[in-house]
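Take a look at the structures below.
Shared chain: chain A. Partners: chain B in the first complex, chain C in the second.
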Partner chain A sequence: MRHQGIPRVVSKWLIAPILLFALYVQFHGDFGPGGGFQAGVIFAAAVVLYALIFGLQAAKQIVKPRIVETLVALGVLLYAGTGLVSLFLGYNFLDYTALDPDNAPHGQHLGIFLVELGVGITVAAVMIAIFFSFAGRRRLR
Partner chain B sequence: MIDMHLPILLIVVPLVSAPLCVLLRQKTLVWAFASLVCVASLGIASMLLIRVLEEGVISYAIGGWIAPWGIEYRVDTINAFVLLLVSIIAAVLMFFALPSVADEISGKQHYLFYTAYLLCFTGLMGIAITGDAFNVFVFLEISSLSSYTLIALGRDRRALTASYQYLIMGTLGATFIVIGIGLMYMMTGTLNMFDLSERLPAMFETRTAMVAFAFLTVGMLIKLAMFPMHMWLPNAYCYAPSLVTAFLAATATKVSIYVFLRFTFTVWGAEFVFEKLKLDAFLIPLSLIGIYVASLSAIYQTNIKRLLAYSSVAQIGYMMLGIGFVSITGLTGGIVHLFNHALMKAALFLSVGCAVLRLGSSDLADWKGLGRRMPVTMAAFVLAGLSLIGVPLTVGFVSKWYLILAALEKGWWPIALLALLSSLLAVIYVWRVVEVAYFQKADDDSNVKEAPLMMQISMWVLTGATLYFGIQTDLTVNVAQRAAGLLLGVTP
Partner chain C sequence: MTEILDIVLLSFMIVLAVAVSRMQNLFMAAMMMGIFSFLSAIMFTLLDAVDVAFTEAAVGAGVSTVLLLGTLSLTTHEEKVVKKNNALALLVVLITGSALIYGTLDMPQFGDPNAPVHQHVADRYIEKSEKEIDIPNIVTSVLASYRGYDTLGEVTVIFTAGIGVILLMGHIWRKEDEQ
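Showing the complex of A and B:
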């Protein structure tokens, strides 16, 4: 689709707002609809759109498969790590009060924020990884 | 302080280690790390069992949210026993893993293999430890999804279709389970198992309760490969990598049986399930038919892995038969068999794995003269095979003894007789392998080396365990008896 003018121009316009919207859904998820899962999918959609228009190779240059794989792992680690921090601070696993014992609601807020960020990172990376592996398959002749 | 957090550490340690494996990447390093994690889990699981036997039920509130609002991990004798079993198998198999995975999985995928292995392990442990009905489903999916991946990594291309078939059936089962849990939640407004068991009796007369129970039970029976819902199992076990076959055969169906026990006895209660709905009238005949049909199919297999897979379906029949008796002795037999069968089937699949490493095939025809070519491996196969038949001094005898005792206790001597006769079928299918391996001459006389020491360690630890627990039955039978008493609500 590289040579088609309209999709090229429109997607160039769209990709940045899509990424921005993903971040909005991610970080505004505490107050409105949204959260890590939805945000991750939206973020990955921007990468998928880029790959569809400008080709898989170009997309892989921007989002390196090796980094995608690392991000899959890092998101889970961020989630579980948040839980472990509260464990080390003497609270139960994933008890976010530990993050700010003097102000429990703030601790809970921070905990959810970090955990959702972990979810967002992993979901986005997994979606991109799935797309890459399917798009990278060569047709059998 | 760490004592308090044992239940969650048992899950979090392997869960965190799985993504760390992805970051480590280097083959041997990942293996060493995964082994360390499995051994640590084994340590935690043994500490938990000891504490449960001393102090009784341990409860852990995740995130500090007290049950029934939050997710609760609840460890009692039954699941402490299952947790120990799964972690023993996972840890012992790690020795076998190094050479076997190096041989069967392409080098670039090793770290992903161990990641999936640890995730599967996490899922199975999670199913066993949680006291929350929906959490069971979540962990069920974690373990299932990773086991589909593990099976698909098999060398044979048919591993892909086997894995896909398992995916379809597994998803069907999981969907049924979640529909059942959803209906239970709708009726009672709670997902905590203990809370459910208190609130459900008020709903027993409603049709929703029946439908919920039906969905849940059928879902669980698919997952544990009860005849006639076992069709996914033989292919999955046959084409998966050797290590995966041994691991899944020893743990996945066993954990599913635990889920069945937990839901039928703890959540719904034996009175509703067996006195009102008469599930035993359905369970006992199906188990018996399953034992016979699967054993007969095993006899006609030409691939040893597939033969053992059919034998697994038959053995699941014995466990369900024991459960179907709904008595202390019957449940003891079922639970002991759950443990014992895990040991012997893992030992058998490991010896097959050793042969596959050297011969590259688990076809019966290729095993001619193997008794002379790989005597140590075949010796382990024969010893574990004796267990499968139920020869005295092996674990197989102990569990069959309790099953038959339970049948006689009820005065159902035809069932006792049928269970005894079915052992003869096991004699036939084990003998087929023995005959080919010991009494037929190999087609080519090229020398075959024994499997590497690492693989033999795993194989012999498990084979030794089948003999040890066959003679020293205190631990297994006592724990199983206590677990059975707990399930039936009586203290023996």
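Showing the complex of A and C:
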């Protein structure tokens, strides 16, 4: 689709709001529908759109595959790491009260923020990685 | 009003499902699966499950369609036609289908307040999550806090899927990366 004018122009307008919307869904999940999972998918959708319009190589220059690979693991580590922190502070695994024992809801807010961020990072990175792997393959004929 | 919408949406979904199964052009079938997902997202919205609807719209209608189309661009657009009638396959499908329908007969009525799902921990979450977690969206507090361990499992599943794809197809992306 590299030579088609309308998709190029429209996607230039759309990609920034899509990324912004992904961040909104990520950080507003406590108050409305959404959360890390949906945000990660929307974020990946923006990258996929960019790759479809401007080509895979251009997308790989912005979103480096090596960084994507790291982020795949980083999200899960952030999630499990939050659980381990509460474990080492003497509470149950993933009991976020440990993060602020004097003010339990505040600890819960912080814990939910961290694990949702972990979910978002892993989901976005995995979706981008799968798309890159599929789109990067040439047709076998 | 909602009932009319339900009937219209469900009949659209049945038509789409039959069309997808009969269609030989895989490209069109993939697009129709996307529309099917979008209709089920609307169904979830009508059932007040906005979080699920959101996920269905983003994953089912969005990313899966892109991945299906990506796969089709590597293979072929037309399905190979099998002329032979397979009586055994039909028998297996009929038995499985009737077993599934038989299984639903025991399920509680939709919206029944005495259903087991409303008897267990749901009340406790609805009553206490405001005090314990203090965020308005109970879905998020159940998902990330009360059932945080389950969500960690889900994320691990996605992580494993990503690792699997990278391992299977990764050497190709490395080579192109270094060019």
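Simple rule for what comes next: the second predicted complex is superposed on the first by the 141 of 141 C-alpha atoms of A that agree within 3 Å, B and C clash if a C-alpha of one lies under 4 Å from a C-alpha of the other, contacts with A are read in each partner's own complex, and residues count from 1 in each chain.
Keep in mind that, in the parts below, contacts are C-beta pairs under 8 Å (C-beta built on N, C-alpha and C of every residue); 3 or more make two chains touch, one makes a residue touch a chain.
What you are looking at is a predicted structure, and each value in this text was computed from that prediction instead of being measured.
In the superposition on chain A, A:L19 makes contact with neither chain B nor chain C.
More chain A residues lie in contact with C than with the other chain of the pair chain B and chain C. With both structures placed on the common chain, the touch criterion links A:T70 to chain B but leaves chain C unconnected. Once chain A of one complex is fitted onto chain A of the other, the partner contacts of A:A80 extend to both chain B and chain C. Of the two partner chains placed by superposition, only chain B is touched by A:G90; chain C is not.
In the superposed pair of complexes, A:F132 makes contact with chain C only, with no contact to chain B. Of the two partner chains, neither chain B nor chain C is touched by A:L110. In the superposition on chain A, chain A positions 69, 72-73, 76, 80, 83, 93-94, 96 are in contact with chain B in one complex as well as with chain C in the other. Contact residues on chain C toward chain A in their complex (touch as defined above): 50-51, 53-55, 58-59, 62-63, 66-67, 70-71, 73-74, 131-137, 139-141, 143-145, 148-149, 151-152, 154-156, 158-159, 161-163, 165-166, 168-170, 172-174, 176-177. Across the complex, chain A meets chain B through its residues 69-70, 72-74, 76-77, 80-81, 83-84, 87, 90-97.
Remark: chain A residues 25, 29-35, 37-38, 41-42, 44-45, 48, 52, 57, 60, 65-66, 69, 72-73, 75-76, 79-80, 83, 93-94, 96, 104-105, 108-109, 111-112, 115-116, 118-119, 122-123, 125-127, 129-137, 139-140 touch chain C in the complex.
Those residues of chain B that touch chain A in the shared complex are 1, 5, 8, 12, 15-16, 18-20, 22-23, 60-64.
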